[in-house]
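Encoded as structure tokens, here's the structure I'll be asking about.
So that you can tell them apart, the chains are marked A, B, C and D in the order they are listed, and the count of residues begins at 1 in each.
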Amino acid sequence: MKIGFVGTGTMGQPMLSNLLKKGHGVVAYDVVAAMLDGAVGRGASRAGSAAEAAKQSELVITMLPSSSHVETAYLGGGGILEGAPSGRLCIDMSTIDPGASRRVAEAAKKRGVRFVDAPVSGGVPRAEDGTLAIMVGGEARDVEEAKPVLACMGANIIHVGPVGSGEVAKICNNLIAGVAAVAVSEAFRIAEGFGVDAKVLTEVISKSSGNTWVMEHMHPVPGLVGKAPANRDYAPGFMTDLMAKDLGLAVSAARDLRVPVFVSPAAQQVLRLASSHGLGRKDFSVVYEFLRPSSRQAPV
Amino acid sequence: MKIGFVGTGTMGQPMLSNLLKKGHGVVAYDVVAAMLDGAVGRGASRAGSAAEAAKQSELVITMLPSSSHVETAYLGGGGILEGAPSGRLCIDMSTIDPGASRRVAEAAKKRGVRFVDAPVSGGVPRAEDGTLAIMVGGEARDVEEAKPVLACMGANIIHVGPVGSGEVAKICNNLIAGVAAVAVSEAFRIAEGFGVDAKVLTEVISKSSGNTWVMEHMHPVPGLVGKAPANRDYAPGFMTDLMAKDLGLAVSAARDLRVPVFVSPAAQQVLRLASSHGLGRKDFSVVYEFLRPSSRQAPV
Amino acid sequence: MKIGFVGTGTMGQPMLSNLLKKGHGVVAYDVVAAMLDGAVGRGASRAGSAAEAAKQSELVITMLPSSSHVETAYLGGGGILEGAPSGRLCIDMSTIDPGASRRVAEAAKKRGVRFVDAPVSGGVPRAEDGTLAIMVGGEARDVEEAKPVLACMGANIIHVGPVGSGEVAKICNNLIAGVAAVAVSEAFRIAEGFGVDAKVLTEVISKSSGNTWVMEHMHPVPGLVGKAPANRDYAPGFMTDLMAKDLGLAVSAARDLRVPVFVSPAAQQVLRLASSHGLGRKDFSVVYEFLRPSSRQAPV
Amino acid sequence: MKIGFVGTGTMGQPMLSNLLKKGHGVVAYDVVAAMLDGAVGRGASRAGSAAEAAKQSELVITMLPSSSHVETAYLGGGGILEGAPSGRLCIDMSTIDPGASRRVAEAAKKRGVRFVDAPVSGGVPRAEDGTLAIMVGGEARDVEEAKPVLACMGANIIHVGPVGSGEVAKICNNLIAGVAAVAVSEAFRIAEGFGVDAKVLTEVISKSSGNTWVMEHMHPVPGLVGKAPANRDYAPGFMTDLMAKDLGLAVSAARDLRVPVFVSPAAQQVLRLASSHGLGRKDFSVVYEFLRPSSRQAPV
């Protein structure tokens, strides 16, 4: 199938490579010329605009960094809705505000264009392996149609609910994971202060009410869990900047919905601050490193 | 064995009943007469002070509500250290500040008295069944000596490390569990606002990085996990007031250690506020109920 | 002058009444029919759309509840930019995201239309008296032109800087005021817990580093400052819902700018939660009432 | 008068120098030999213990770094209550937990010893000048008796209420000042992100509801207020470590009183974290510096 691919950044490029490997044609577009060159280098053909990528293909995929990029790519001048004929299916794989997904879907619907949201988990390594987890929101028929294409890029594809639900599932999952990483870091810093052995404590908690996926798989304290980013100087994994972004989406969604939230903004801000202090490109479990105790020298 | 039991409150009473059932003698003391009467009604004999309970027994157990109660019971006038002969083993099963455990242990040591901390998990139901989880801090020899007695009250007894380590393990575990409950509540309130099905979302998260023991076993949203407190109007389980207390111990410990913490005070305060608004005696997963969205009626 | 007035809600109506009183003609529009009827009842003529209000007038004022309302009113179908001829001056008096002000201003500029942001302080009472404080962002020439019209509605008109600066000044001021109200409430709840006299404490703080406008003019503890909302059961003043909205704008702006913030989201969320629990229409100093201590009955 | 002075640290030394200058005799004690040497170098005579300092003098002053130091100095072995005869007046000028002040006062009362708490504001410069602000808690008669001595060290002496009230006033004032400094920093970081002039914004806020003593006198943005620490690379002024300590006292007091607090722990923790990252000895307005935005380079 000929696939229009808009947004050929760090994640988009390995994703479109997998589409090409599985025999699809790809016509790519990106506002950043260097990124589009990269996609062409991988074997995609070049479109002059998002509209053109949509016009020259049978299905459109977008993979962009933020809600406003997605809204511009679909709704703006030279955007996808200008090029896509009635009936066309568009799959947005960006991680954005679920409200933005719904606004774009509604605008698409008015033009007879179909839209599903399908954000991914797993980062660049799993994008390269074609084993991303993909959470999808949209009408059942559209999601069924999208699945074979998504299966070229991911290994675990879940239909969560109506349009926007993929985004909701992703940001809600990441809200919990992000907060858990901060909580585990705080707990182990306290234990460390009392001289309690982190390995023993990990065993105790793993069998108790404090157990979390985060501690089991990406323990923030170095030396405890084999493949954890903590054991390779917090090389990601999932970058602090991206977790701060996803927590930001969660907190903004809460604001729009008038839901009071407390631990998610606290986690968001401490990750944001860690980024300000140079840790944005490290795995987000580096927050353990950031939350180091201050010196015990007590001023009077 | 003749056991001195100081602190015969809601938890202490079923615990001493289990000691009696297993054939031990219990000499009890409590500053609150009504509570001591309860213990006597269960078959304990009555001591006139903590010192007397210590003098008339071969081993001392304390089960008290706070650090200052424990310090007074051991160090105060008429306290355990006045009555306990050199060599006596004392087991403090209260949940208190690990620093307080260490101060008491040090004072005890000066009098030749041995001390282990052994806080429990599981609440009144498991206190009654004699299946509490018990985390123990102390010297190996003392912990070995304590184990047969602890086994009358609990099913899972773990030696974590030196004195205070039992407390550290408990408050660190509960820090994570308490924060996780708030995080899960926030996530599901957001999902709800977008109309996403909570059952489907639970399945998605349970297989992803946001998974936590708390969601699996005590999901705050009613109707999703069979035995969760949410399905019986948040009957505890583990009371909001107790979780607020344990988070308070964690935050205070962090302060003393100069460890910066962000999500634990946020969780502590929202549970404290839930208690102010009448939810202190409900299971702490009731925070989901408390974090309800405000009305959407938008003022200009 | 003939003035188009879009957004005739609780604030907009007394504001347009003052324009009429000063001899201007007003052609009004609101998407809510009942509100538009109210404006007509006050003497405005009725437009069928925002575009029509813009076409039939010499200057346009907008007073709307949120960023998205403003973007729709200017940029949407039937919006102001469809009706306003080149050269027309538009004054947006809504409290919205400064980024949204700039997006609208830029779109307006492309059509040759001039735009200034001019959010107000003072609430309904000062809207009725025509004594609002107005913070203005825009080009000097445009602001000069706007001033005589703004002077019909306000008493204190400040040109802060380029477009968006009026909004920035308002949300930054309200960030501090909102946080201060929570801080003062926390301080006086603590003092109260220790039985310290609130009047004496107020005198001490008023001469020290903790002094704030908020404590001096709208002390959250009843009985201390004559005209404070606390003395009339927290009748606003400035509603909790509006302060939560403004803190939300500040926190969202911080997110977009990647500025880490801690006390503003904490204040935002506690006001949002107070609103969930029925206090949204009270003055925001009611947060003192909301932060009441929980009962001292200590569970074991 | 012969004055016993216990705690001869950075603050204590200039304070006892002022007592000597005004003609009093000082008999000093400190657990740290080097500090006691310093006091002797200034003209004090040397005591071998706190008890001895109390026995050899007519009035006792203590100036110590924490609640536990004060409790040990009064209640411990070789402590003040061992040496002070019945009727003696003790003035504790340390900044500590008001609850600790009351516990010490109560223990003193049992021995017939009188106790007032009298924490100070103004730091080393005003300790040297003898112009400290002193907030006093205690019985009227005792406070009257203390005043002439306090007047040797301070210029502004306020009787707040019963024992502990001096501490309450200090920590409540500092709670608000500390939170305000963070709020002002957040506001000006946001304004800066939008390119709004900080000088103009300061003028606007100074006349509006966001005005605070902190912004007027110790504006965290360099270049705006003449004598602000920001203009001398955040040389204190009042150190971040001390403000973190005082906010910690406020948050702990709130915990003991079961008062829910939100902005004070948020401010406490961000100052604690700033200290972890090397800013503990700078003025606490340095939090503005710490809250710098993270780089705008957006990851996909």
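Here, a residue touches a chain if its C-beta (ideal position, glycine included) is under 8 Å from a C-beta of that chain, and two chains touch if they have at least 3 such contacts.
All values derive from a computational prediction rather than experimental measurement.
Farthest from chain C, judged by the mean position of CA atoms in each chain, is B.
Taken over every residue number at the interface, the positions common to chain B and chain C amount to over half, indicating a same-residue contact. Separation between the centroids of chain A and chain C, computed from CA atoms only, is 35 Å.
Averaged C-alpha coordinates give centres for chain B and chain C that are 47 Å from one another.
A straight line joining the Cα centres of chain A and chain B is 38 Å long. Across the assembly, chain A contributes residues 258-262, 265-266, 269-270, 272-273, 275-276, 291, 293-295 that each touch 2 or more other chains.
In the complex of the two chains, the chain B residues touching chain C come out as 7, 9-12, 63-66, 239, 241-242, 244-245, 266, 270, 272-273, 275-277, 280-281, 290-295, 298-300.
Interface of chain D with chain B (complex): residues 248, 251-252, 255, 258-262, 265-266, 268-270, 272-273, 275-276.
By the touch criterion stated above, chain C contacts chain D in their complex at residues 98, 121, 133, 135, 156, 158, 160-162, 164-165, 168-169, 171-177, 179-180, 182-184, 186-191, 193-197, 200-201, 204-205, 207-215, 217-218, 250, 253-254, 257-267, 269-270, 291, 293-296.
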